[in-house]
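Each of the next two complexes has subunit A plus one more chain, namely subunit B in the first and subunit C in the second.
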Partner chain A sequence: MTPVTAGRARPAHVRRRRRFSAAAPSWLFAAPALAVYALIVLYPAVAGVIYAFTDWSGIGRDMSFVGLANFRTLLGDEQAMGSIGNTLLLTVAIVVVQNGVGLLLALGVHVKLKSRALLRVVFFAPVVVSPVMVAFLWKYIYNPDPTAGLNGLLGLEVDWLGDPSIALWSIAGMVVWQNAGYSMVIFLAGLEGVPRELHEAAMIDGAGTWQRFRYVTWPLLAPALTINLMLSTIGGLKLFDQVFAATNGGPGYATETLSTVLYKQAFVFGKFGYSTAVALVLALFVAAVSLIQVYYLRSREVTA
Partner chain B sequence: MTDLLHHARVSRGQFLRMMGGLAAATLATTACSTRPETTATTGGGGATTELKFIGVADQKTPMDELVAAYAKATPTVRVTASYAPTDQVQTSLRTQLGAGNAPDLHVVYPGNGSAMSMTQIAQAGLLADLSAQAWTQTIPAGFKPAFQLDGKTYLYSAGSSVIGAVYNKKVFQQAGIDAPPTTWSEFLAVCDKLKKAGVTPIALGAQTPWVTQLITYALVPSTVYAKDPTFDDKQLAGQASFADSGWRQAMEMYLELQKRGFFNDKPNGTTFEQQTSMVATGKAAMAVQVSAVLPDFRKAASSPDGLSMFPLPGADDANQVWIPAGVVVGLGASAKGRNAEQAKAFIDFLGRQENINAWAKAIAAIPLTQDAGSTIDPAVQSFLPFTKDRAVPFMDQRWPNAEVQPVHFAVVQELLAGDSTIDEALKKMDEAYRK
Partner chain C sequence: MRRTFVLEIVMIVVAVAFLFPVYTLISLALKDPGQIARSPLAPPNPPTFDNFASAWSAAALGPSLVNSTVITAASLVALIALGSFAAYFLARVQTRLGYGLYVLFLLGIVLPFQLGMIPLYELVNDLGLIGTHAGMILFYTGIQLPFTVFLYTGFIRALPREYASAAQIDGASHLTAFTRVVFPLLRPITGTVLILNAVFIWNDFFTPLVYLGGSGYETVPVSVFAYVGQYVSQHGLVFAGLVLGALPIVLVFLALQRYVIKGFASGLKG
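After this line comes the complex of A and B, so read on.
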């Protein structure tokens, strides 16, 4: 009965759809959304790209097109180039440590502890605090006074934010502290998705805890790992708030990132055009890195 | 990582949104910034003009007082003021100026050399010409570059502040120091005495960028301008440089203070707030600071009168000691605003002698012009003998662009960290100057 009905219905259905699409192209339904998107995303984006080829100061009407001059300046800009190095170092440190800590936290709060709900909240709490607030908080923790903050606690005499060879890692530390809970939540979601049957089967086969993690849990965490690596990479490459509030790029240029450079060019030096060029390069760079990352990581994902 | 939570949702629009980030920010700020001021009718029946003022935190005390006085004198105009820290005001104001949506009155920094300085904004045609106002006729000749561009006045400022050593009188007494030093060698001897007495001689909060510049600024008048008062002109003409001038000597003196252990440990990890409290509480004896922040030191001290200032002597001959005296941060009127006339009238009001006096008093400044009603803060009395012919404006006020100053901040931090040499530092500053 069913096949017959379906067989009869199909031509009618197709005809109806064809007639309808002739009357109103389907994309028309998306038009209002597209219009809003164009106005508040595409238009400013394109307008912003145009500034990258000008010498606009950010105020006034004087503006002329300078072609690729801004991009050439960037290549010869010692400070901007140095900031790329800092940005990459920070990103690598944050990606590795944040996800490592996040995974350990997730495994920790995944086991059936009485306090696990509380622990999950505690570990996640820093994520919801404003990054600027976190930076101010950590400025106290990183107090160079040997009797205060982290130094007092650990009996150290480290100038966390004032020593150019340490400052970058101190910032990475506070970023990891803030965001590890976020990675934890995503890993936790992945862990919850691992079917219990697989673990039971593995146990029957005599697999120990490590073997079950390595051969059952870990491959199935691949989608969570993909999203975590991508998010922390993007976050690291764009890092601004914590650096700006904690060190303002200093001491010297030790913690300058691409984002603080582009901010300073626009709002401190009054070079809006050049700043937009830096922003454009940063955006393309982030896009390229994420695409490569996703392409590679997706290819190694498996499903349960 | 401003919006990690959002990343989960966006991946498609991420790329475009980032490209549009700056432009979108402009759009968003424009949308939520002040609308052009409208005239509202009050219950009394008269029309009230509302003038919007955006200033920096330093201006709050004097402005609050003078805005209230103006409201009494001119009931038809109401000035609403809002204040923000320096960095933020630069960002938000420049965005509003860029969008052609400036407030009627806003903070303007004297001279040239910062993104919100008089020259930069006047050149963009955004500041109203104040030259017709009576008070502008009395601006001292030495201060004209801070107020004027091409002979027209675009800035109002109530007076000048000086840079010198803020010191804790009690700590000096306890170390057996009777009088402030008047030469560099006396200064070093005083520091030595203080160090032996077990206090930090000089508190330095070099983690706060603008604090890094103050010791160089305090020394350079003696090492550069006392020898050649026309240094700025020569430098602008390309005939002089940081590297081949007394700037080198000033940097050497700066580092000598560090080498002798006269600063607190880890100045690069110490902030302005910590520096202030160290002097206020007597943990440190002094801090080289600008007189405009004296109120901050007094607020932190148990007895405000226990603090005073003296000029930092940058030469071994007391007659060769010069001081930096800079015009304090002021304000200007938007040239394009609908209420430009009312805004200018308010500035004219600020220019009256009694109001100049009131403003200067609130921030421990030396009034631009003085009369019988002018009060000068006792802490800066010792600077007055210098202000006539041995004072120079703050160095950055005549620098040609906004990049030299941040480079100066950065190289001082590098020098303090032992990460750079004076040669490299001055070379970087010269490069930034020529940009």
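After this line comes the complex of A and C, so read on.
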């Protein structure tokens, strides 16, 4: 089985040496974790893939295989197709703005400012608050009343969540507000790994601030960028809580995402088979995007 | 330096703008309905604490705080125990099977939970665990294991093997060497694992909504969700409820913020 058991038959001195050089613990160390993981994640995911090809209603064990019917329904389902577009737009907006803002914040608080410890706490704090509570707060911030919330502050009269043409971007704004601190912290970790000597050398060579950022800091931030892009992309594609609490997909279908559609199909309309098909499409999106990002971004990473 | 000074001013202005939603949250929680209607943006004058008392009892926050605490604490213990043991094997083993197992665990980070949501609901139901603490603890342990194993494995790989070997030369088994020697060395990453999982589990909304709704074992986000739905137009009450609901995790964060931000960064970097 393992080197440890194989060694049992050997003479004592050989056995001991073998144990220490091989030093791999028994796979039994991983067994409990594997059992829970298989039960809670792997088995349901595999079962989910199977359900996606059935017409299961969620009640009883009555179901039959319908082949690709759920996926054909999906192609003709205006709400679901719209939600795919919304999910992709929302994800792109969140990934770009959240990481852009996170990077600027990180660069700002990386400098030895007097208030930098406090600033880090301020920018990071929303990360620890429940997204569903943040959504309720922002629902008020975005209210159409010209004297209250964001309108009152900026002197505007915009119906941030009620106007179908901007509601999706308003959702993106609240997600960015909550998660920019997350990106900031990962970029900060990356910035701390940039050796001071490289900056000094570049300065001696006459490089300005922008050139030092572009040719010294930026390439060395690649691993932090990889993690940030992956986490924000996966988070964006799976986004549920904020949309559910702030707009529930409305007005109309303007902010419907894959996650809200599959929730409604299962728990409102009782179409469990169809809901799982939507989930499978979501899973394929997440997997495809993650794989592309890992291959592309890892290939351009450098070390100091 | 002049440039540092300008940057400091800019960052403070950004921070103040960033805090506008927090100002709104707290000032509305401290106003009565008349004040909110008259001047929504002005500071509370005079502040009233009535909203907090009403929100506390109407949102049934006491019981949900207990539920959230039990579920979060037990899941964290299970995650740290199972995750660190599995990672010790995965970081040290050099067979193809071991590598395959590691990749299998990583797959769980990418898989959207929604794919298995319905089969899992059936499974938990068949086990008689719907609407129980045990069901939620089992769920969070499973769902957060991939990320936990990923963080621990990266950290253990960077750790010199000699510590464990030395203990084993002295006659310790793998188990003793791990629990007595290696596990204490994992303290920094255990901190990160603890914090990341605590924030996720405490704040999770979707799962307890589906698995705990109406069971009487609701967690804080679910109770607050139901409460807000009920008092939707009374902003003072709603915001007092939100403040109370967010307060426990925010206080924990403020107490541990130095380690949180550092641990967050180092854990994800590895």
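The definition used in the following text is that the second predicted complex is superposed on the first by the 267 of 304 C-alpha atoms of A that agree within 3 Å, B and C clash if a C-alpha of one lies under 4 Å from a C-alpha of the other, contacts with A are read in each partner's own complex, and residues count from 1 in each chain.
Everything that follows uses one rule, which is that contacts are C-beta pairs under 8 Å (C-beta built on N, C-alpha and C of every residue); 3 or more make two chains touch, one makes a residue touch a chain.
The structure presented is a predicted model; accordingly, all values stated were derived computationally and were not measured.
In the superposed model, A:27 makes contact with subunit C only, not with subunit B. When the shared chain is aligned, subunit B comes close enough to touch A:264, but subunit C does not.
Of the two partners subunit B and subunit C, more residues of subunit A are touched by C. Shared-chain residue A:274: touches no atom of subunit B or subunit C. By the touch criterion stated above, A:53 is placed in contact with neither subunit B nor subunit C. By the touch criterion stated above, A:149 is placed in contact with subunit C alone, subunit B being left untouched.
Contacts of A:136 after superposition: subunit C is touched, whereas subunit B is not reached. In the superposed pair of complexes, A:188 makes contact with subunit C only, with no contact to subunit B. In the superposed model, A:245 lies in contact with subunit C only, and not with subunit B.
In the superposition on chain A, contact is made by A:125 with subunit C only, not with subunit B. On subunit A, the surface patch touched by subunit B in one complex and by subunit C in the other comprises residues 37, 40-45, 47-49, 51, 58, 127, 131, 182, 227, 234, 238, 240-241, 262, 266-267, 272, 275-276, 279-280, 282-283, 286-287, 290. The touching residues of subunit A, counted against subunit C in their complex, run 4, 16, 19-20, 23-27, 29-30, 32-34, 36-37, 39-45, 47-49, 51, 58, 105, 108-109, 111-116, 119-125, 127-133, 136-138, 140-141, 145, 147-150, 152-153, 177, 182, 185-186, 188-190, 192-193, 223-224, 227, 234, 237-238, 240-241, 244-245, 259, 262-263, 266-267, 272, 275-276, 279-280, 282-283, 286-287, 290. Residues of subunit B touching subunit A in their complex: 1-2, 4-5, 7-8, 13-24, 26-27, 87, 90-91, 94-95, 97-98, 114-115, 120-121, 123-126, 206-207, 209, 265-271, 401-403, 406, 409-411, 413-414, 416-417, 419-420. By the touch criterion stated above, subunit A contacts subunit B in their complex at residues 37, 40-49, 51, 57-62, 127, 131, 139, 142-144, 159-164, 175, 178-179, 182, 227, 231, 234-236, 238-242, 247-254, 262, 264, 266-270, 272, 275-276, 279-280, 282-283, 286-287, 290. Residues 4, 7-8, 10-12, 14-15, 18-22, 24-25, 28, 39-41, 78, 82-83, 85-86, 88-90, 92-95, 97-98, 101, 104-105, 108-120, 123, 138-139, 141-143, 145-146, 149, 161, 164-165, 168-169, 174, 178, 199, 202-203, 205-206, 210, 220-221, 224-225, 228, 235, 238-239, 242, 245-246, 249-250, 252-254, 257, 260-261, 264-266, 268-269 of subunit C are the ones touching subunit A in the complex.
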